[in-house]
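Next, two complexes with chain A in common: one pairs it with chain B, the other with chain C.
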Partner chain A sequence: MKEMTGSNEYKLNQGPEDGISAAKFSPSTAQFLLVSSWDCTVRLYDVGGNTMRMKYQHTAPVLDCAFYDPTHCWSGGLDSQLKTHDLNTDQDTIVGAHDAPIRCVEYCPEVNVMVTGSWDKSVRLWDPRTPCNAGTFTQPDKVYTLSVAGDRLIVGTAGRRVLVWDLRNMGYVQQRRESSLKYQTRCIRAFPNKQGYVLSSIEGRVAVEYLDPSQEVQKKKYAFKCHRLKEDGIEHVYPVNAISFHSIHNTFATGGSDGFVNIWDPFNKKRLCQFHRYPTSIASLAFSNDGTMLAIASSYMYEKGDISHPEDAIFIRQVTDAETKPKST
Partner chain B sequence: MGRKKKKQMKPWCWYCNRDFDDEKILIQHQKAKHFKCHICHKKLYTGPGLAIHCMQVHKETIDSVPNAIPGRTDIELEIYGMEGIPEKDMQERRRTLEQKSQESQKKKNQDDSDDDDDDDEAGPSTQHVAAVQPQPGYVTPMTQPGMPPVAGAPGIPPAGYQGMPPMMPGVPPMMHGMPPAMPGMPPAMMPMGGMMPPMMPGMPAIPPGGCSACWRCVAAPVQNRHLLCFSAQAQQNVPGAAASSTVASSDPPKVTFPAYTQPSVSSSSSTSSSNPSSSTVAKPPATVTSKPATLTTTSATSKLIHPDEDISLEEMKAQLPRYQRLIPRPGQAHAAAPQVAAVGSIMPPQQGLPPQQPGMRHPLHGQYGAPPQGMPGYMPGGMPPYGQGPPMVPPYQGGPPMGMRPPVMSPAGRY
Partner chain C sequence: MAEGEDVDWELSKENIQPLRRGRAISALHQALSQQQDGPTSAINQQRQAFESELRMYDGDDPLHVWDCYVKWTEQTFLQGGRESNLATLLERAVTRFTEESMYHNDPRYVDLWIKFAENCPEPLEVYRYMQAKGIGLTQASFYIAWSEEYENQGNYRKADLVYQEGFKVHTEPSDKLSQFHKAFQARVSRQALLNMEKDSSDEESKQPERVSLAVLKHRGKKKAIAPVIRTGAAIKSVSGVLQSHGAPVLGNVSNSRLLVFDENKAEIAGPSEPRLESWAAPPTSRAKENEQRTEKWSDVKMPQKTTFGHKIMAPPPAKPTFQPFVEESDQPPTMTPCKIHPAVNTVLMARKPSKGDTPLKRLQDHQQQHKDAEAGKLQEQSMYCKELLLSGATEFCFEELRAERYFKKMSQEARGEDGQSSVSAVN
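Entry: the complex of A and B
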């Protein structure tokens, strides 16, 4: 049943039938993985047994999903509807909607609120218990990515804007920034230690930024090029679509449209590891909560238009400390 | 020093006679003190490298190595770390050391520790030097311990090269100067060339013929925008080194990359809200300045693997007919796709909405409070008003001429 691409890596069975938009591990166990797809489904996988446990539908492609807790997941997509699904009863509930497709769905444990970001230029908060809407907050442009750092929310929008919000006080924007990268923001992920965030762009570049606005801390910010391939004398520069942090080591993995996954140590500014090339673009990455597994969604993202492409698939890889732990010099 | 003499004794700098614990630290010192361009602060790898850089980039000649003691200022001597030091100077040094160690060991210890302290770039930079070990297969590695040197090698001292042979056949020799390795380097040089802040379209004849060829061909297509981009980037990519921190600190915390922030962001947001639908058009007024709605990153040496429009990949994919079909029509929610005109005949009303609706919607939602109250199968709270018609009309009236049928539908009826 398992297709072994390596002794430490295998492809998930019964994968989605179209592109994969997001893959997220359960907050409490490395056993379960939630996957949202352009085939309008959200699927729950038992990663250990490599089986699909559950599947539910939206009416249009789903762009993001997230666990609220180990038994409830939330999802949203092109149908602009925000759904929550009870994984025990296999029941859906439509919680609310945006005015345009929902691009991001995240949970903030510290404030116990679900956060969604949409192309309607708003971020909406939702109380997961009722569940119901807890506010709509306008952003300067379409929301492309967001990430939670403690009780703060970092939003990346079109036009390279970055906003930092205090989820306990959404009356005003805490910080307005511009991405330090010159190209469209692709993904933002906050450090587990909440000190800052990593931002990637469509132009093969990643920036490491800090939240503390003081000058001495801001001096530490930096950016580096990555996910670029030299082919026939031309440098092919690929979007960096996915970032995921290792919860324990504070190192992070990036996945690009070049099909490569790199693991970086942001404090020593080194690359720790690069895996083999995957069949197609990396659309999403997720470390499990214990840092032992990495889910890699290899899914063509239409960078070159509507052409035929390798099959979209999710690979589960066991990662080692050697690959993810900073090396002490 | 009281130590046994090593094969080459403790590493020392030929230009200023200082001692170092480690050749890596010595090299960092040389790059910072002797091979640093006084105009742009770029750190080169050798004296001749610096000379050539100043000539090509700034059109200025230098005749002596900065911060060198008299007699050791020869700019043409190819010295890197401990390599290239003339034999007679080595012998002289050995003799001096022997004398010193015989005369007063303690005094020498003191001097040495002072010297080490002076080299304040040793610490952070050394890390980055070592950091290069896991070499990427790309021409441009992830970290750039120093800025890409003129010589064009991906900026890494010998330590990091062990893993690089496939990419950089000529690298090790390159470290010691350009001429020897140039011919083999051009392909690898090109992307690096793109990173040189000021490009040199017409280069004076310099020994590495291959080098100049590269630079010329890189220079031509590279636009101003790229220069700005790369120069700022080059500044950024000196992590930890003193130079970069000074650059960063000179700017206000929020805006650390002057080149990046030239765009006036406010204009982009206002224009983008009015016509996201025209994003597929070549260059609409919505300019995110450096990157307008279309991306122009193809140059002779680099190509961005991304559609031309500056909208996200998901938005692009959502415009495909097979997904457009699935997107609910206006009333409940808006399709994200700005440009549906060409696509589905099923979707007429929706086309006009995206640009205006978001702005329209929010106030309406405010009126209705939190419309969704967890009712399964609900219609978004904004439904009733849209069903009535009036709220729908304004966007069409004032909106861009969509050429579409007026919103005759009753959105509620859609479901």
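Entry: the complex of A and C
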């Protein structure tokens, strides 16, 4: 039974009981969606059937999760423990731990390594086959977000710093940058074409940046304002919490605490579309691998403190080329 | 106490920043041992705990947390510097409570301000600002710190005026101010006396310096040591002995000196109140020895004689016909840190604070913003708890704040359960 919230959109049943921290589609199919939550669980949903297939527990809220392959997922959170879960046998294994809560978990297929970032100011690599720790790399500050672009790792930390590492040679930092935005970094996601990344800040702004340090390429970088609402002559500026790339078109969706989702064309610097307003802040966004679906986690993130707020929910939206493809003009 | 421990800090003395109030020996040992351990997750955890305490505190004395945090930072980071983040911390701390008049004459708060001022490039401005804001007006330490700053700059008249200002109001502790004032007067009069003795002997430069071209003194088998002139703060710290600026100490007075012309000497006449002079023209060059007039190069020919007596042009240096020998093992290391192309470094460089951006300026800006926000003049409004994220010395994100709330709730629940279970055990 699908609860439709529009002709091309419905809400997932059996959603998490507390805030949603991350939603990720399976690398092989748009059928499975992995969701981590502040209710200490990681859940696997059958999107087509709109049912929850599986769920496992951490001892504390889970801040991020990622697929290693279609049958294994990894997750970490406030208990500082990194877990891997076999989705066939429903078994979890504790792989290791950080000294402080784990904020990000990502998989790098090019180098076949799992990457975790933590508030203990470090990034750790994990060999997913054994599985075991494959190195700890100190960062200048608490890790808030990270993303993988081919064999490169882009780390966003507190203090608005951005570091680019080469996952094949972690002996040194390839590039140390400062965010081109003035306020705290909320999210970084790499272009599927591996040439750059998009960075969003807590004050309604998004920057498009390139990895190539040559002056010509760096000239192309830009930033723009978004997720701002004008009310009574005052502009309300919202945090931009989530970014997800369309793997085929290299366009991306942003989600803000204003409850809106926008899709942007970074090449023509145009907004392709804006969906309706969701009940509360957009905490996470995920395009399916084939680019036909967008998972939208609408979940209050305590931006304004401990106040009453709408229910946490995940919406699955079918997206069309008209919404996601750059207009060729 | 074991002797080994004493040696420990004895050996790294030069790496320890002196503190006005000294250091607890236990804290010193702990900090030193932590330093040796390398990356210090314990320190990080402690700092994170302070940071979250700053934000989560809901008692009626929020200053207490800041005070503890600052003291902990001072005691833990022996060398000070950027790592300690002390400057930012102090700035945030004083900014946080500028509007709360209940703290304006709290000795802890005034102390924070004084530390903040000492960290500023322009401490006097900060003291003036404090006075204007009415911070520390009944605290003796405020006047003492202010006056000392004037004294350090050699402005004794102003330094005394500050004390007079202090005497007008009733300060606490009551006799501290007069005590310091007496010591100050003693210093000044001794200074005046010494100046009279020295009468018209030429003024030395105000910077500590080595005396060059002087005869080195030998005493027995000891090596000759280059005489050093100590000035300013270095003299004051010599126990009790207060010398005038530029007066040589350490028994080097008798060293005979060659008099060397010093072009700077004329400029250091008055007390060191820095004055910006406008230069009408670039400074005139002074007469130099062996100076040649510039000539047209093309007109000059350098005669070169060979054994045959013809003039020839010098041949260009021939390329070596051999390969310079290179050690085989001298391969460049495989993992050299790669420099980003220098041409584009500016693109990626961190933003440097602009020149006009002093801590005091930031503080005033912050207050202006605060006022604007209250008056509803702002065009933009951030839709999140900005103050909470940025209030400490390091920033927090939403998830960290929420995590703190979660941990607090968990520990409360655990305590609640413990209470219940103990009650049932009693029953």
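Remarks
Here, the second predicted complex is superposed on the first by the 329 of 329 C-alpha atoms of A that agree within 3 Å, B and C clash if a C-alpha of one lies under 4 Å from a C-alpha of the other, contacts with A are read in each partner's own complex, and residues count from 1 in each chain.
The rule we apply is simple: a contact is a pair of C-beta atoms (placed from the backbone, for glycine too) under 8 Å apart; a residue touches a chain by one contact, two chains touch by 3 or more.
All values derive from a computational prediction rather than experimental measurement.
Once the complexes are laid over each other on chain A, chain B and chain C cannot both fit and instead clash.
Once the two complexes are laid over each other on the shared chain, residue contacts for A:63 go to chain B and to chain C alike. In the superposed pair of complexes, A:248 makes contact with neither chain B nor chain C. By the touch criterion stated above, A:270 is placed in contact with chain B alone, chain C being left untouched. Of the two partner chains placed by superposition, only chain B is touched by A:130; chain C is not.
Looking at the shared chain after the overlay, A:222 reaches chain B, while chain C stays out of its contact range.
When both complexes are overlaid on chain A, the residue A:111 reaches neither chain B nor chain C. By the touch criterion defined above, A:80 lies against chain B but remains apart from chain C after alignment on the C-alpha atoms of chain A. Once the two complexes are laid over each other on the shared chain, residue contacts for A:171 go to chain C alone; chain B is not touched. With both complexes superposed, B is the one of chain B and chain C in contact with more chain A residues. In the overlay built on chain A, none of the stretches 59-67, 257-265, 293-301 or 383-391 of chain C clash with chain B except 383-391. Note: residues 19, 21, 38, 60-61, 63, 78, 99-101, 103, 119-121, 138, 141-142, 144, 158-159, 175-178, 184, 186, 202-203, 213-215, 218, 233-239, 257-258, 301-306 of chain A belong to the chain B contact set and to the chain C contact set alike, using the contact criterion stated above. The touching residues of chain B, counted against chain A in their complex, run 127-128, 130-134, 136-144, 187-188, 190-191, 194, 229, 232-233, 236-237, 239-240, 244-245, 248-249, 253-257, 259-261, 265, 268-269, 272-273, 276, 288, 290-291, 295, 297, 300-307, 310-318, 320, 323, 326-328, 332-336, 354, 357-358, 361-362, 365-366, 370-378, 380, 382.
Residues 19, 21, 38, 60-61, 63, 78, 99-101, 103, 119-121, 138, 141-142, 144, 158-159, 169, 171-172, 174-178, 184, 186, 202-203, 213-215, 218, 233-239, 257-258, 301-306 of chain A are the ones that touch chain C when the two sit in their complex.
Listed in rising order, the residues of chain C touching chain A in the complex are 39, 41, 44-45, 48, 335, 337-338, 340-341, 343-344, 347-351, 378-385, 388-389, 394-403, 405-407. Taken together, the chain A residues at the contact with chain B in this complex read 19, 21, 38, 40, 59-61, 63, 78-82, 92-101, 103, 119-122, 130-136, 138, 140-142, 144, 158-161, 175-184, 186, 202-203, 205, 213-215, 218-219, 221-226, 228-230, 233-239, 241, 257-258, 262, 264, 268-274, 301-306, 329.
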